[in-house]
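What follows is a set of structures to go through.
Both of the next two complexes hold chain A, though its partner changes from chain B to chain C.
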Partner chain A sequence: MSKVRFSSKRLLLTLMLCACSVILLQNYDISEKSSFVFDILCMLFGLAICFVLFIPSVIIKMRTNLDFLTVARTVTPKLKIPLAVLYSLYFVYAAEFFLLPYTDMFSKKYYSDVTPCLIALILLSACVYAALKGVNVITRFGIFLFVFALITNLLMFGGSIGTLDFELYGFEVTGSVNDFIKNTVYFIIPAFIVTLFACLSGKTKNFKLRQPLFALIVTGLKYGLIMFFIWFSLGDYASKQEYQTFILARAARIGFFGGIESLYLALATMSVFMIISLVLCAVTKSAGKESDIKYVIIFAVILFAAHMCGSYLNSVKEIFTNNYIFAVFTVITAAVIPMMYVFAGRKSSARKTLHSINMS
Partner chain B sequence: MRARLCIVLICLSAVMLSGCQSSRKIETAQIIENVTISERNGQTLYTFYILSSADTPLKTEIPAGSFEQACELAQNQYIPNISLSKLELLMIEEHLIDRVLKTDIEYISTQPSFSPSAFVALCDSKTIDKFSESTREQDLIEEQLILLKKNNPDVSINYLSVFNHFESEKTNEFRVGTLSFDGELKISGKKVIKS
Partner chain C sequence: MNNSLSEILSDLKADFSDSADLTIRNLTLKSERQIKAAIVTIEGLCDKEQLSQSVINPLLPYDFKSMKGQEAADKILSSVMASSDVVVIYTKKEIISFITSGFAVIIVDGAQQMFAVGVQGYSFRGVNEPESEVVQRGSREGFSEPLRVNMSLIRRRMKNPDLVFEQMTVGRESKTQLMLCYLKSRVSPKLLGKLKKRLNSCNLDSVLASGYLSEYLEDERSSRLFSGVGISERPDTVCGKLTEGRIAVIVDGTPAVLIVPRLFVEEFQGVDDYSNRTYYAAFIRLTKYLSFFTALFLPGLYVALAQFHPEYFPTGILIKTSESLAQTPLPVTLETLAITFVYEIMKEAGLRIPKSLGHAVGIVGALVIGESAVNAGIISSSTLMVVATAAICSYVTSPLYPPVTMLRFIFIIIGGLCGLWGIVIATAVMIISMCSKTSLGVPYMSSLAPFSLRTMRDVFVRADWKSLSKHIIKVQRFKETEV
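Up next is the complex of A and B:
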């Protein structure tokens, strides 16, 4: 693999788009009983937690200019295999967490004749190719996707302004403790980008603390806008159907120009494609064979097999798409384990080892 | 070499496994543009207007108890290749408002194939007769509805708004666009009292 370093801004831009895609696949994840303002407060709290989760990997990056996995392998060579297993499991789970809802939405909302497994197969084939090209190339695609997302969102929001209704739905703050927990856990999900950052940031340069902060602020803005339009433009109609952001795109209309849901679907497809491609890069890196064709294909086959199980067995699907499991798993892999290495890195022996890697 | 192999495999899978074998071709699909709900001999009549380039509308009349039932009958007996995703206008004869408006809008709101921004209007029997004579009436009605909404923001002109007003606990009544024909097409807002 190439040792050329690319701009950290580009990686964070790509990760921001991945974080934004969480709300594109939103399906009754936000409590229906709570009010809009309450949901926004939960979102701010959830994203603040995401920022806190960023801290350990940011410290490692700033201290060593390496990614967490390289540091972990160097500082604790004996823990190489348990770490590889844990992170591989996490990334397989993360890929399924996005792949299952996406294929489900595609077949339910757009094209019911095609089976979800077929969509997964085609998407995974494309992701394998992208993963072989490496993170640098995927982040270049991220620039294109950013522009596309901007246009799609402008059309979605612009087309929904006409149906805004402030008379029926207000700005009061109502919600219970259970709503708060449910919503906050959902808004911690974008923290999966922290784990991706921890594993993939080794080849980036010019990292600044403001980059993840900016990524999370833009993510929050997009979440806020989507929730605002779902709440005030769709209202109760949104609660009658699955995948509310799709309904928002479907209802958006600029004059006689409709069909914005096609752009939304393209955006969701490309976002999921980018997440799975990055996950494949990260999973092969965690296994110690970055972008190796054999490992990429093996993990793609595992993902497909897991998707098959998830599609046909509802209990498996429920486990793979459980927000609570994913949030806990994310907190462990994004913050708890890297934090241990932040403290371990303060020891003089570890510092010397890392210094020698940096020098080489 | 590996990259080329991957590209070939992706292209092959995209072509061979596209899932289009059981798809409905656009030439054979019967795309419903409008539906009118009227009454004949005491029975509710759902008229499905099929998209066509002819000057006279191509329509199928289906007597049914509800829109859900009419859609099922259309699919199974009358219009086998029916496609409702492009439905743009639902016109209900004014006196059937209590019988069908709430139930039909509720049904539509749960179906992913319908666009929530499609128009809904009440009308008199003369407008329905006029509507069945010429395909040009639809554009005219849609323009009138948009104009009405512009001048009276409180009037509901699509499924989304009508459904939300029915669901909301804040209001007991709301207004829906109403068309009447007396030599020329007229439009106004009619109050709907929630039962």
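Up next is the complex of A and C:
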């Protein structure tokens, strides 16, 4: 695997695409009672929290130019195994959090004859190949996905402009505290990219604080546009349906040109492919063996087994796709634990160790 | 080495096992001491007239008086020989190397040194326009088989002392000569070192064409589907690449010159692009990219849509396609695979068949296999049209023909088994594979991924020469290059 350092900008671009995929794949899990403007406010608050969660890993990156896992293993070698277990668990959970809705959406909305587990198996096999090539190669793939996402979104939004209707729904602010909490938790989900950044940023260079900020702003714009079109183009019809973004793509038409949902599906597939590939890279890194074929395959098998359980046992599926559990888990892995190391790293002994690693 | 003429000659005869083409012309020089000498050549490799004029004619009448062998040899070099191309040699290995390259070796009894005289005169194909890289505007010269002719074609275009030709020998048995050609001020020494190391590791018995070496020049653990080694038969193309810091490998006996590193975007660049107007060059480039994607994806997408998602066809096309497919006995996947396979067979037959029969084969292919099969209802006209369009498109970027053909088969099978979703996954894997590929340490997808705005001026569109000439492109400066 290549030892070369790649641009941090590209990693953040890839993570931004991963963050955007949340609204592509998820069941648009926000309150039905709240208004559009209220949802936007919740989104802004949620993404602001995401940015705050970025701070510990950004400090570690700027201070040491290393990823969080390397720093943690160096500063506290005795905690190597508990940390590996915790982060491996988190990444397996994160992978299932995206894989289960994706296969569910695929079989429910697109091609009902197919077995979700077969889709998961093929997808995971492709992800194993990508994970073995490393993060650098996956981020290069992210450039192509970015272009494809841009075209798909332009077609999806351009094709929905004709059906916009502002008369039925206004821009008033309505919503309760419960709605606010529910919506904000949904909009904290993109913070999983913070954990990915914390674990995978070791080989990047030229990191700037504005990069995560920009990534979150673009994510917010995309979310805002999708919410806007779902709200004003699909209206009440959307709230009664599952996977509203898919419905938006299916309803979009440019003249005689329809079938944009096939492009949407391609985008969603490639996004999940990228997320799981990155997760496999991160999970093997957390286990201490980056892009090692044995470890990648072991974790892919674990993911497949977890997916089988999630597909056939509803209780397991509910746990795997629970926004609250995911948000809490994300906050712990993305911010709480790295924050401890931010303080631990200030000790002179830790500084010396990190400095020697950096020099080597 | 022993300086007795008879021993040297008997050693040579033994080494060549008295081969019929080893020619030894024994001479007795005009002198008081009756000095013995010999001229050793290989039959058919040297020009006999040139040999007579520049060596034998001046040598025989010259009076060496009372000189000894060594003195006579010195005199031959300084005053007798009428050739400008003389190399002083000392070993048997050198004798073999020079005579097999068309030189005549003069051995004087009792002298330590010998002389290799350049009298090469073997027959070879002239400098013709390469058939595989035809241009509308530009030079009509293409490389030929002899190494020295190819070197001169490059030197004529690069009148620069920076241009270096470095000789190497590969092939344990064939001892094939090759030249590394580069611009000293532009090439990366590390890149050059890496290339030499790989060529030295080549343990082939014989290297009969440049293609034998291309696999040795590929990076280890790098995907082999797309080639990381460029091939050109045009000296102007090679010169253009040299100015970007690339290295050309000219192999004796092959008109195809290898160029490393090779990038994906180069497959879409042609010599004509730089002679045409910028807007037309940009149009041609975009057409090439479109053709590449059509050749790669069209049959697979057609199969996927026809089999799993016919609703995506526009109504008019859907009706025609459905009618056409309903009349054929085979499922659309098998039908597309079969037609693509038959096309490949016909293409191979067309390449190997004598030219006089080519026309007949064309008629058989087009009328019998094509039209008759459609009329008989064995294959559908829409499938035939899709395969034919993809086949034509694949020749627009001919260097990519092998990977495109293989991938087309894969996409047809995947499209038939998994539909659009399968094609998406296969495309993702293909992109990952291409992104992970490197050519001599330079990322194969450079300019696109890793993205570089500066080099994009010569990717999808070609900027005007004023803009292009502002920045010198050096291949080792591409992002994330590992040399």
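Criterion: the second predicted complex is superposed on the first by the 358 of 360 C-alpha atoms of A that agree within 3 Å, B and C clash if a C-alpha of one lies under 4 Å from a C-alpha of the other, contacts with A are read in each partner's own complex, and residues count from 1 in each chain.
Quick note on the criterion: a residue touches a chain if its C-beta (ideal position, glycine included) is under 8 Å from a C-beta of that chain, and two chains touch if they have at least 3 such contacts.
Note that this is a predicted model, so its numbers are computed, not measured.
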Which of chain B and chain C A:Y111 touches, first, second, both or neither: both
First, second, both or neither for A:I122, with chain B first and chain C second: both
Which of chain B and chain C A:E172 touches, first, second, both or neither: neither
Partner chain(s) touched by A:L234 [first = chain B, second = chain C, both, neither]: first
Which superposed partner A:A251 touches (first chain B, second chain C, both, neither): first
First (chain B), second (chain C), both or neither touched by A:L265: second
Touched partner set for A:E32, first chain B, second chain C, both or neither: neither
Intersection of the chain A residues that touch chain B with those that touch chain C: 111, 122, 126, 129, 133
Chain A - residues contacting chain B, complex: 108-109, 111, 113-115, 118, 121-122, 125-126, 128-129, 132-133, 163, 165, 167-168, 233-237, 240-242, 247, 250-253, 258, 293
Chain A contact footprint on chain C (complex, rising order): 308-309, 311-312, 314, 418-422, 424-425, 428-429, 431-433, 435-436, 438, 443, 445, 448-451, 479-482
Residue ranges of chain B touching chain A (in the complex, touch as defined): 2-3, 6-7, 9-10, 13-14, 17-19, 22-23, 109-110, 112, 115-117, 154, 158-161, 163-165, 167-168, 170-171
Residues of chain A defined as touching chain C within the complex: 2-4, 6-7, 10, 106, 110-111, 119, 122-123, 126, 129-130, 133-134, 136-138, 140-141, 143-144, 256, 259, 262, 265-266, 269-270, 273, 277
